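A quick write-up on the structure given underneath.
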Amino acid sequence: MKRRIREILSWYGSDNPGTLTNLARILNQGKLGGTGKLVILPVDQGVEHGPARTFIPNPGGFDPRYHFELAIDAGLSAYAAPLGFLEAGARDYAGDLPLIMKVNNRENLSSDKDPLQAVTGSVEAALRIGCAAIGYTVYPGSMHRVVMYEKLQALTEEAKRHGLAVVVWSYPRGSDISKEGETALDVSAYAAQIAAQMGANIIKVKPPDDFVEQGEARKTYEKAGVETDTLPKRIEHVIKSAFDGRRVTIFSGGAAKGTDAVLEEIRGIRDGGGFGSIMGRNAFQRERSEALELLGSVIKIYQGKL
Amino acid sequence: MKRRIREILSWYGSDNPGTLTNLARILNQGKLGGTGKLVILPVDQGVEHGPARTFIPNPGGFDPRYHFELAIDAGLSAYAAPLGFLEAGARDYAGDLPLIMKVNNRENLSSDKDPLQAVTGSVEAALRIGCAAIGYTVYPGSMHRVVMYEKLQALTEEAKRHGLAVVVWSYPRGSDISKEGETALDVSAYAAQIAAQMGANIIKVKPPDDFVEQGEARKTYEKAGVETDTLPKRIEHVIKSAFDGRRVTIFSGGAAKGTDAVLEEIRGIRDGGGFGSIMGRNAFQRERSEALELLGSVIKIYQGKL
Amino acid sequence: MKRRIREILSWYGSDNPGTLTNLARILNQGKLGGTGKLVILPVDQGVEHGPARTFIPNPGGFDPRYHFELAIDAGLSAYAAPLGFLEAGARDYAGDLPLIMKVNNRENLSSDKDPLQAVTGSVEAALRIGCAAIGYTVYPGSMHRVVMYEKLQALTEEAKRHGLAVVVWSYPRGSDISKEGETALDVSAYAAQIAAQMGANIIKVKPPDDFVEQGEARKTYEKAGVETDTLPKRIEHVIKSAFDGRRVTIFSGGAAKGTDAVLEEIRGIRDGGGFGSIMGRNAFQRERSEALELLGSVIKIYQGKL
Amino acid sequence: MKRRIREILSWYGSDNPGTLTNLARILNQGKLGGTGKLVILPVDQGVEHGPARTFIPNPGGFDPRYHFELAIDAGLSAYAAPLGFLEAGARDYAGDLPLIMKVNNRENLSSDKDPLQAVTGSVEAALRIGCAAIGYTVYPGSMHRVVMYEKLQALTEEAKRHGLAVVVWSYPRGSDISKEGETALDVSAYAAQIAAQMGANIIKVKPPDDFVEQGEARKTYEKAGVETDTLPKRIEHVIKSAFDGRRVTIFSGGAAKGTDAVLEEIRGIRDGGGFGSIMGRNAFQRERSEALELLGSVIKIYQGKL
Amino acid sequence: MKRRIREILSWYGSDNPGTLTNLARILNQGKLGGTGKLVILPVDQGVEHGPARTFIPNPGGFDPRYHFELAIDAGLSAYAAPLGFLEAGARDYAGDLPLIMKVNNRENLSSDKDPLQAVTGSVEAALRIGCAAIGYTVYPGSMHRVVMYEKLQALTEEAKRHGLAVVVWSYPRGSDISKEGETALDVSAYAAQIAAQMGANIIKVKPPDDFVEQGEARKTYEKAGVETDTLPKRIEHVIKSAFDGRRVTIFSGGAAKGTDAVLEEIRGIRDGGGFGSIMGRNAFQRERSEALELLGSVIKIYQGKL
C-alpha cells in the first residue's frame, strides 16, 4: 500500500476494515491509483435528464456496457450509476473496476423548488453485484431535507456495517436558496461539512463560485479577510470545511463544455487541494476517442504532469 | 433452449437463475415461444375502469376463467391481472401459462392530476399462487412518484430475491406533463429508461407519438437529426432508450379500436424492433372467436408472416 | 358437506384449507346452513353512530351479550362486531356461532367528505378470541383510498395465511362521488368488483338504486341495453360483477325501516341471486321478539318459503 | 378474592390471567380494595400544563416522590403518571401500590383545535419498572383520531399480550365539536363506548353535563324520554354506554375547585353507579393534610359512609 | 465513588447499572470529577450554522481533533458532537474522555417557524465508537413536536436498554411562542420538566430571562409571590422544575460574548444550584490559550474558587 493511501485511510479511524478495503480499492484503481487523487465516471443522467438529452450526443452510450469500458479504458478510479445500469454490466466486468451504486435518483418530469430524490437502489443490491460503495444525493436546504438526511443515516449505517464505502453528493437546493447561491462559496463549504458530519467517506460538491449567499457567513469572511477571488482559494476553503482536509472531497464538472474550460477548472481544483473529479457529461457525451483524450488530460493534471 | 432466448437471458447478468427461469417461461410460452417476441393479455380494467365499462361489451369476461382460457387458446405468452382475478383461476389452470400478478392498481372513482396506485398484491401472494412475475405501474412525473419508485424498489428486490421476474408499466403522468406529452416520443423513451434503471426485466410503455414534450429533448433531437416521423423510427428510439435494446420492451394497445388500426400499429412496433405487445381491451372486449382471430393475426405479424 | 357448499368453496381455489374451513363454518351455520345463503348480524353502530342513537331504541342492546344471543336464537350465520363487543362475549359463547371481527371503524364525531377508517382490531386478536373471519371497510373513491387498500391488502394476506376468511364492506364515498352515486348501480357493481379483486371471500355492498353515476358506464349500459329498472335485475348485475357470481356477495339493509319494506327488499335481493343479507339496525333496534320474527321471515325468504 | 372483584373480572372473559391479575391488583389496593370502587391519583399536568401552574400551588409536588407517598398514604387504588415521574420513584416504592404509565402526553406550548398526543412511554418501559397498566388518551373527533386509535390498538395488543391492563382516557375534542359539546351527555357516552370497543379495561371520561351535542342523539333521547337533569341519571347513562356497566368506568374531577363542590360531584358519580374517580389537581395542589382529608372523604363516599 | 456522585446516581433508580456507569463516567471526568458539577464542550455548529461562521474565527477548529484535545486539556466532563466529528477522533482519543453523540441536527439553509431536526446518528453508532451517551434536541411547542418526542422516546428506550445515558437539549420554539418567550422563565422551566418526564439523564436548557410567556403561569407566579428578578432565583426555579433538583440540569452559554459576561452568567447558574454548563462557541471560537483560560475560570466558579 502506498504511504499516501495509508495516510488517507488513517483519517477514517471509526470505519471497519471492510469499508477501508473498499475505499482503498477506489484509491488504488486506475492511472491515479496510489496517488491519493481520483476521477470517477458517473452516469445517472439517463434518469436525471432522460435518455434523449443524455445519450443522443454520443449514441454509443445508450448501451450500458459502453460506460464500463470507457471508465476502464480511461484508467479511472470508479464508475457510478443507478441500479439498472450497473446490473446490466456487473457480471461482464466483474472485478475490472470499483462500482458505486447511486442509490437515490430523481427524474425531471416534474419540477419542484424543494426537490427530493427517490431511493431506487439498496445496500443489499450493491453487495449482491459487487459494488465498492453506495452513492447518495442530499439536497441541503430543501424542505424535504429531513427525509433525505434520515434515509442517508440509515443507508450509511447499513452500508458501513457491511463494509461498503459511502459517497455523498451534497447539492444545496430549495426555496430559501437563490439560484446562484447553490454554488456559492459558503454554501459549497456548508454542503461539504454536512456530508462529512453525516459520515461520508467521499464527498462530492460543485466547484464554488466567488459569491457568498448567507449574510452571517459574509460577515465572517470579511472580518477574517478570507480570500475568495480565485478557484484554488475557494477550493481550499471547501476542502478545509471537510474536516480540515481529512475527508476525500471531489468536485463535479457541471454541464458539458469546451475542453479548455474543463481543464482550466480541473487545474483550479488541483491547485486548491481537491482530491479529484467526478466527470459525467463532459466525458460520455464526447465521442469515445475524444473522451479518452480529455480524461487522459484530466488525469495528467492530477498527476501534476499538465 | 433456443439461441435467441439464451441471448436475451444473457442481458440480465445480475439476475439470479430463478428470475431467468421465470423470464424464460414467458419467452418460451405459446405460439411465439422461442422467437424472442411475446404477447401478453392484461386484464386489470375491472379495477381501473370498473366492471360495467369493461365486461359488458363481451359479458363472458365477467368470469375470471374466461381470460385464462382466452390467453391459453390464443397461444399467448402470459396473462397479467390483479390478485383477485388470478386467485380465481390459478388452481384450475396451474401450469398452463405464466401468470403475472399486477401488484398495484388504481380505480377511477376519483380523479387526480397526479395519480398514485395502491399496492393490492404482494410477492408472497405471487409465489403462493405460482406466478412467474409481478407487474407494477409507475407514473413518472406524478407528484407521488417518490412513493411509487420506492415501493417498486422494495418489491423488485423482494421479487428477484425469490426468483420472480419483474414487469414495469411505465406511464408518465402528472401536473407538469401535457395530455399529449404522456405519449410524446421523448417521454416514452424516458419512461422506458426509468423502468430499465429500476431493474425491470420486461418494460411496458405506450407507442410513442410524433411529438416531443420537453424543450431540452427537442433541441437534442433536432441537433442530431433524429427522425421521428414514422412509428417504426419512434419505436426504435424507445427500444434504444431501454439499454440499447438489451431489455425486453413491449407496447400497449391503448383503447379498443378497429382491427385494421390495431394490426397496422403492431406492424409498426415489430418493424421498429419492439419485442411485442400487451393487448387487453382490444382482445377481451371482442367476441371470443373474433378475439382469437385478432390475436392470431398479431402473433403472425410478430412471426413475420403477416 | 352439502353439495352447494362444496361448490361455493370450489370457487376459492387459491385459499388454503384453513380459510375454506372458516368460510364453511359460516355457510353451514344456523337455519340457512348448507343452503349457500347467509344472514349476518353486524353491530358496529355503537362506534359508527354512538351508543345513544344505536341502543336507546332497544336498550337491551347496551349489553354486548344481547347480540350474541340474538344472532344465535335467530339462527343466523355469523355475528360481526368491533374488538370490544366481541371480547365481551367470546368466552361465554365460544363455539356457538362464527364471529367476524370488524377490524376497522370510524366514529362520526367529525365529518369528512373523504372518509378514512381507523384499524381498531387485528388478525392476532381475531385468532385469539376464536373468530372465523375479519371484516374490513373500504371507501372506494375516497382521497384516502390508497391507505385503505394497502392496509386491506396487508390484513388480508395475514388473515388468509392464518386460515381466517375475509369479509369486505365496500362503500364508495368521496368528494368526486355524488350522494346518490354512492348507491348507483355502476358504483355498487364497481364496489363489488374491487372487493373481489382485493381477495375478499365475502363481499358486502349496498343494494343498488336505479341510477348510474359515471358517464362512461352509462354509455355502456345503454349500448348493451342492460335493464336496470327492478331491484332483482340490478342485484343480478352486481352479482355478475363479483366474478360472475363466483364470490359470495351479500347486501346491507340500510337505515331502520318498516317490516314490509325490509322484506320486500330481501325478496329483491334473493330474486336477483344475492347470497344473503347483513342486517343490523333493522334487527337489534327492534324489540327482541319482533326482531326474531323479522329475522325468521328474512330467513324464510332466502329459503324460498315466503 | 372478594366476590365483587371476582364478578368484575368475569366481565373480561377475553383477557388473559396476566391482565386480570393486574386489574385485580388495582381493585384490591388501598382503602377501597375489594369494594369494586376505585380512586386513582393522576399526575401528568407537569407535562400537560407545565410545572409552574401545576406545582407552585403546593411546592412539595415538584418532587416526584411526593405523589407516590400521597397516593399510598391516602389509601388510593393506583398512581398514574408519565414515564419520567414513575421512573423517579418506582424503585423506592416498588410493590407499594399499582402504577399506571401514562404512555402518551401533550404539552400546551402550542394550540391545536384538533389535538394529538405524542407517545412518550412504552409497554417495555411499563413492564421494566413494574407497572400494572398503561394509560392512553384518545381524542375522539380530532382530525388526528385515526393515528391515535391505531396507536392505541397496537399498544393495547402489546400490553395485553404481556399481561398489563389498559386504561383509556377518552376526551372528545376537535373542530367539529363545540366547547360545551366536549362534556355533553351524548358525547361522554360516545367516548365511553369508543374506549370500551377499543378494548379498555378501565375507562376514564369526564362527568357529563346536561347538554346534548349531536342532533340525531337529541332526537333519540327525546323520543325515548331519557332523563338527563341530574348528574346521577347522566352518570347512569354513561355507565350503560360502557357495555351496560360491564366495563370499569371512572370519572375525572376536572379543574381544582372547592371541597364541597368536589364531594357533591363524587356523590353524583357514586349514585349514578360510577366505579370511581381519578383525581389529580384537586388532590396534589392542596396542602398535604388537606389533600389527605379530601381523599379520605372521597373514599368514604364511595364506601357509602358519607 | 465520591458520596455526591453516589447520591446523584441514586436519583435514577429505574436506570440499569450500564446507564449509571456511563453517567458516572461523565460525572467523574476532568477537573470537576466527583463534585457533582460538570462542563461539557458541544460542537454541533458546523451543521447548525455552517463551517464558515463556526470555524473561521479560530481556524484550528476545522480539524475535528482540535475539539477532542480542547476538551481533554481543559479538563472538561465530556465532548458532544454529531456522528461525523466524533468518528473522526474516536479511535485516536479512545478512553480519554466521555463522548456524547448528538444524534439529531438541523442545518440553517432553510428557515422554519416550527423547526424539526433530522436524526443523523444512532444508538448503534454511539455504541460502536464508544460513546457514554446520546444527545437529542427537542423543540417543545413546534408543530413537529409529536414526531420529535416519539423519536426521542424510541431512541431513549434503545439507548438505556444498551446502557447509554441520555442528554436532552430542550429548546422551546414554534409559531405559538414569541421570540423572547423562548427563554422565558416559565418556558425554560417547562422545557426542563418535559425533558425530565421523557426520561433524560442530563437536561440542557437555556438560562431563563426575567420574563413570563404564558398567562396562566404568570398568574401562578404572582399569586405565590415567586421571585424572578435575579438569575440565581430563576435558575433555582428551573432546577426545581426538573424533579425538585433530582435530575442533572445544565445550561447553555448562548452566542459568543465577552469573558466577563460569560463568567457572570456562570456564577448565576452556580448560585441558583445549576449542575453546570455546556459551552460551545464561547470556548472553541476563542484562540486556544484564551479558551483554556476561560474554561479554567468556569471550572473554578463551579469549584467555588472564583
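Things to note:
Per-chain residue numbering starts at 1, and chain names A, B, C, D and E are given in the order in which the chains are listed.
Going forward, a residue touches a chain if its C-beta (ideal position, glycine included) is under 8 Å from a C-beta of that chain, and two chains touch if they have at least 3 such contacts.
From a predicted model like this one, the values you see are computed outputs, not experimental measurements.
The chains that touch both chain C and chain D are none; no such chain exists. Chain B and chain C touch with mostly distinct residues; of the residue numbers seen at this interface, under half occur in both copies.
Per-chain Cα centroids separate chain A from chain E by 36 Å. Mean C-alpha position of chain A lies 58 Å from that of chain C. Chain D has no residue in contact with two or more other chains. If the chains shown are joined wherever they touch, the resulting network closes on itself as one ring, and no chain has more or fewer than two partners.
From chain D, with chain E next, the chains follow one another around the ring as D, E, A, B, C. Contact residues on chain D toward chain C in their complex (touch as defined above): 11-15, 140-143, 145-146, 149-150, 153, 157, 172, 174-177, 186-187, 189-190, 192-194, 196-200, 214, 216-217, 220-221, 223-224, 226, 237, 240-241, 243-244, 246. For chain A in complex with chain B, the residues that touch the partner chain are 46-47, 49-53, 55-57, 59, 62-64, 82-92, 105, 107, 109-111, 116-122, 124-125, 128-129.
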